[in-house]
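In what follows, subunit A forms one complex with subunit B and a second complex with subunit C.
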Partner chain A sequence: MSSFTAEVYQNEYLPLGGAEVNAIVTVTSPGGAARAGPAAGAGAGRPPDAAEIIIIDTSGSMDVPKGKIKAAREATSVAIDCIRDGVAFGVIAGTDVARMVYPDHGGLQLASDVTRNAAKAAVAGLQAGGGTAIGSWLTVARHMLGTRAQDRVCHAILLTDGENQSESAEELDRVLDTCEGHFQCDCRGVGSDWEVSELRRVASKLLGTVDIIADPADMASDFRAMIETAMGKATRSVSLRLWTPQGATVAFVRQVAPTIEDLTERAAAVDARTVEYPTGTWGSESRDYHLCIDAAPREVGDEMLVGRLSLVEGNKVLGQALIKAIWTDDQQLSTRINREVAHYTGQAELADVIQDGLEARKAGDEATATVKLGRAVQLASESGNDGTMKLLQAVVEVDDPATGTVRLKREVADVDEMALDTRSTKTVRTGPGGA
Partner chain B sequence: MTVVCPSGHVSATADYCDQCGALIAVPATPQPTEVLSVIEEVDTSPAARQKPCPTCGAQRSGDDRYCEGCGYDFLAPPANSAVAAPATVTWEALAIADRRQFERHENRGIAFPTDSAERSFALTQAEVRIGRSRGRAGETVPEIDLGGAAADPGVSHLHAVLQRQDDGCYALRDLGSTNGTMVNDDPRPISPDVLVPLADRDRIRVGAWTTIMLRKR
Partner chain C sequence: MTSEPQLSCAACAAPLAAGDRFCEQCGARSSDEEPAGPGCQACGAPAEALDDEGYCTICGVRERPASNRVELDLVIAAAVSDQGRVHRRNEDAFALGVAGERSVAVVVCDGISSASAGDSAAQSAAAAARETLATAIDAGRDRRDAIGDAIQAAHEAVERVEWTARADRDMPSCTLVAALWYEGEIAIGWLGDSRAYWVAAGDIRQLTTDDSWAEEQIAEGLLTREQASRDPRFHSITHWVGADAPERPPRVVVIRPDRPGRLVLCTDGLWNYAPSPGELGTLVDALPEQAAPAAVARSLTETALARGGRDNITVAVVDVGVE
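Take a look at the complex of A and B:
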């Protein structure tokens, strides 16, 4: 039977009266090939049923520059080719309304050579013109997926190049509430006229990724990668189920690798002491979570369990991790900070200071922006987060990474700033042996 | 299975209390004392390749670190491994089929062995396990093996362990055996997972008829 592994990194020793327990849990899924238990029912050894929807922005702005709509058409065709036989799929063109491009009516079609070719022919005819109403696109996607969302892996790709100007933010939030749990959605913004926070809100709520495609020429490879990842998903929706003892409260639960994603507010109560956090579907991959739990302090020498973290698919437990606390009067033990906890605390701060720094820069507060982005450079350099460091260097001149001494660049390309904002949540893992 | 935690909560989980999180160290179910029922561990291949819990004998579930039965940590390093031996004193364990012990119990369907040769085991290691091998490929064979031709059916696969102490003497620890371990003439079995120091000529009684005498040489 396929099982997930969950490794815990923590300093379980607390000083007398100490309450805050921090732990990093690395969860690894065995992925498709290893998954062949009889518990999977008739589909033993096969991936679960899947559905895929591609949502392409065809608003008027996609015509400027001319190549954008063309690149989007090509990327969509590439993506269609990557859809596995038998997967239900569809394509939606979005403007101020959503139009079903393929199939042009009814539900989804099962992928085969015939249907893939028909879909590509329909996509080839797409023209740009109209507004942008992301909520209406998602609503149509949800209707196309129908009522079978629970028993198959449903995934969507959403591509846009502009702000959601044809509907209100409240309208989009309302739609996101109705779509949550029905399908996962990876969002991509092309060019620099879209709103990072808006797309991040969609991706975050729908358990997907968000990224910028600065150059339309990169769209096809990015689409291919997204579909291949989606096709590699071997589980239905998996949740983190967290039990905590009497008197304990969960301060926060956040995913910290591969990206930072705060899950705290997503807790759904299972019983008096247990909550669940949805994490979407899993392929062959590994994710890290940072849990912070406030426990009721006990006597020196007492050991207690402050968290039992289970990975559940429906009611099937795929793996488990135990988070413990031992109270001690040995200060050497209790003051030690676990390396993984320290590392990810730094990565979370890194994402925060980047977003705060860019916000301040936009508002014209250069002093704050310099301090925040300087701290970001320092954190990125300390933790070896080279990807983020490179993005930061497009926005600031780095004088000394060790002290975080930077100067804001006068001329910054919009796409560079947006790339830094979008990817600020991307983290790196601790290296073997540590720094 | 439910257990009771040190604070008195009834817990469905046996490692830590599912109410207050307190560590539950000792298995709450007492070992049977008088009735000797021989339980053959069920071979559920390929799971049989997994070692059962040395404390309570429960089958390990997958790669779970903690035993579902008693919370034993499968990844914990074995106690007292690689302790330098004081070379002067050597100990031996003499296992015999003891008719007096055999007749203390009601033994349904078990015959006292006709071929009851003494078996002597030199205690050379810091940890000497007592148990009964079943002649299966890949299984752990205990150092004091009460299996084989004249196997004692009341001995668990991994029944108990002798651990050398700092003074060079051995102490006995029951590994949560099915039928318990008695010392000398005390009819009550020793508590599982508790070290009982032994002296020269102490007798360990296990299974349907086996008495193991510890001797200094």
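Take a look at the complex of A and C:
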């Protein structure tokens, strides 16, 4: 298997006394579309063993409107059809307790025509009724998956339509701690009665994505896409291993593309100068990371290796990038801000101001909401983040994108506000010529 | 039970095992152990701690390149070429020849860093130009013609430099400033932004005008010197020695000194740190009046190093006496 590539974008020159080193590292898996070049062919070789669990909310609210539970049943059937032969799989129905729908006893079944049909038959009988306790669903999923996270790709899809009412937030947090590292979980909220921050917490902890399915009719295509992505995973869990020299401290490490995800708190110490950040499994893809490291300043002319970023699967190093600093008295060199660093600093601010703006709007603080969402419009416009711009336009009237002059809309559909919140962390990359 | 004396790291107090040369916790050298060889110059880690690229695996600081300096002292003329503190090779070069008490041929070149084999280009150009100038002194040729021939020889020498084509690299090329002094007159010719100065009591002048984007903008009145110096194109040169150089005869000036003084040729590795003739003059004036050319060249080089040494530094100094 060919290895990962890691490209570094940074201004390595620091002024005398300067300590903060910023770098964007673009990591591309084998077969992933590199930043500048066209997409290469899909990664070759046998895919790793995989396990897949689909968790469907069957609480009472899934019956309102009537079509929701039907759409969920259909989407689950579509997803089951996409599971590759030989992948261990199962289906869980969630209410205030979790019920194994397929198989109906412990463990998982290996996918084949026979088992897929049996699973679809079981799913067809699902009815709505009861409460919502996401933590209990995840606990059952973890038991069904067992403890094989190290040697196979374990993935779950979680669909819900309501708030986690049947258990406390602390209970959910405790469950998330026990599930972390055992499987990845993509979360979807259908309709507008679920809590964005709650599902984001689950997805973030379990290294998955979170999104809204505003219209139940879109569920099937979204499920298909999620399963196909999961089936395309070519690696087991990959971690970013970061070595920093004595005297240096890591200010932050965040994924900045395709979405923003702060990894700083996830650091697990390997030795005195090395930490690891889990990134989950990789398909054919490319992700960008922003690293900010404070180095101990040196004399003019000194050069320092301030970070060695390795991509590791277990103890196998798949790729590596070096982050450097050179101290100079030439201001022309040290004051230059790297284009990629500037871009992603803006995208991180964009996500922050959207979330702050929506919160202020909910709290009735229209002045703050207008300023924050105005700044968001300005940032989205400057960076060409058209997807986010479109979502913003559902919430504010844009008078002038260049200055961020906006007015809050009087009537905003809940799903529009939730879509903006959920997708606020989606970033765009710098255009061609950025390298 | 015998108790061993407890060893601990002088820097972080972590316990050390007997025989540890080097603290596992903080990487500091164990005090009772002398360095085995040249290790990390920054934190004292042993040579084994340096990786293949010279980075210390403890403190991250890269080994400074070994001082790389070439000096030539021919008493009435001398030159120094130093790698500087940032670059990993010296792409500057000089060539110097003295043909009697008042005859000197001197050439300074700066290999263009965006080009392949900039160091070979600079060395070849300087050597070829000096050779032609030395012959011209022997033959008593016209100084302007001699400078023209020397630059032509430099072009031909650079075209013969072997290089590997790379998409992101230009063809081998370099700047050149050459001076020919005999029978009381000095001719100076140049291509690019390496410079010549005349430094005498009460008469300090820059003899060359850079072939650069900045000077062209200033000459046409489009930008002030201050504005140009802030532009990223400030250092872009418009003429050079090499196969892909624009066709144009080199510029030549001739001076006849009326008092003794010093002729200083240098690359931008020096003049970046003393951009005006006045600043350079101040540096030379700070030295004893009788300072030999070698002492002046060394002192100017040290000043550039002390101010950052961001580029290669080459300085040639000729003591010009008058009859």
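Some notes on this structure:
Following the convention adopted for this analysis, the second predicted complex is superposed on the first by the 418 of 435 C-alpha atoms of A that agree within 3 Å, B and C clash if a C-alpha of one lies under 4 Å from a C-alpha of the other, contacts with A are read in each partner's own complex, and residues count from 1 in each chain.
Quick note on the criterion: a contact is a pair of C-beta atoms (placed from the backbone, for glycine too) under 8 Å apart; a residue touches a chain by one contact, two chains touch by 3 or more.
Just so we're clear, the structure is a prediction, and the values are computed from it rather than from any experiment.
When the two complexes are overlaid on subunit A, subunit B and subunit C occupy overlapping space and clash. Within the superposed three-chain model, A:3 lies in touch with subunit B and out of touch with subunit C [touch as defined at top]. In the superposition on chain A, A:428 makes contact with neither subunit B nor subunit C.
Of the two partner chains placed by superposition, subunit B and subunit C are both touched by A:304. Applying the stated contact rule after C-alpha superposition, one finds that A:328 touches subunit C and leaves subunit B untouched.
Once the two complexes are laid over each other on the shared chain, residue contacts for A:295 go to subunit B and to subunit C alike.
Of the two partner chains, subunit B is the only one touched by A:320; subunit C is not.
Within the three-chain overlay, subunit C meets subunit B in a clash at only one of the listed stretches 2-10, 56-64 or 308-316, and that stretch is 56-64. Touched by subunit B in one complex and by subunit C in the other are residues 244-248, 295, 302-306 of subunit A.
Those residues of subunit A that touch subunit C in the shared complex are 244-248, 272, 295-296, 298, 300-306, 326, 328-330, 332. For subunit B in complex with subunit A, the touching residues are 13, 15-23, 62-66. Subunit A makes touch with subunit B in their complex at residues 1, 3, 5, 243-248, 273, 295, 302-306, 308, 320, 322.
By the touch criterion stated above, subunit C contacts subunit A in their complex at residues 24-27, 42-43, 55-56, 58-62, 64, 84-86, 230, 232, 307-310.
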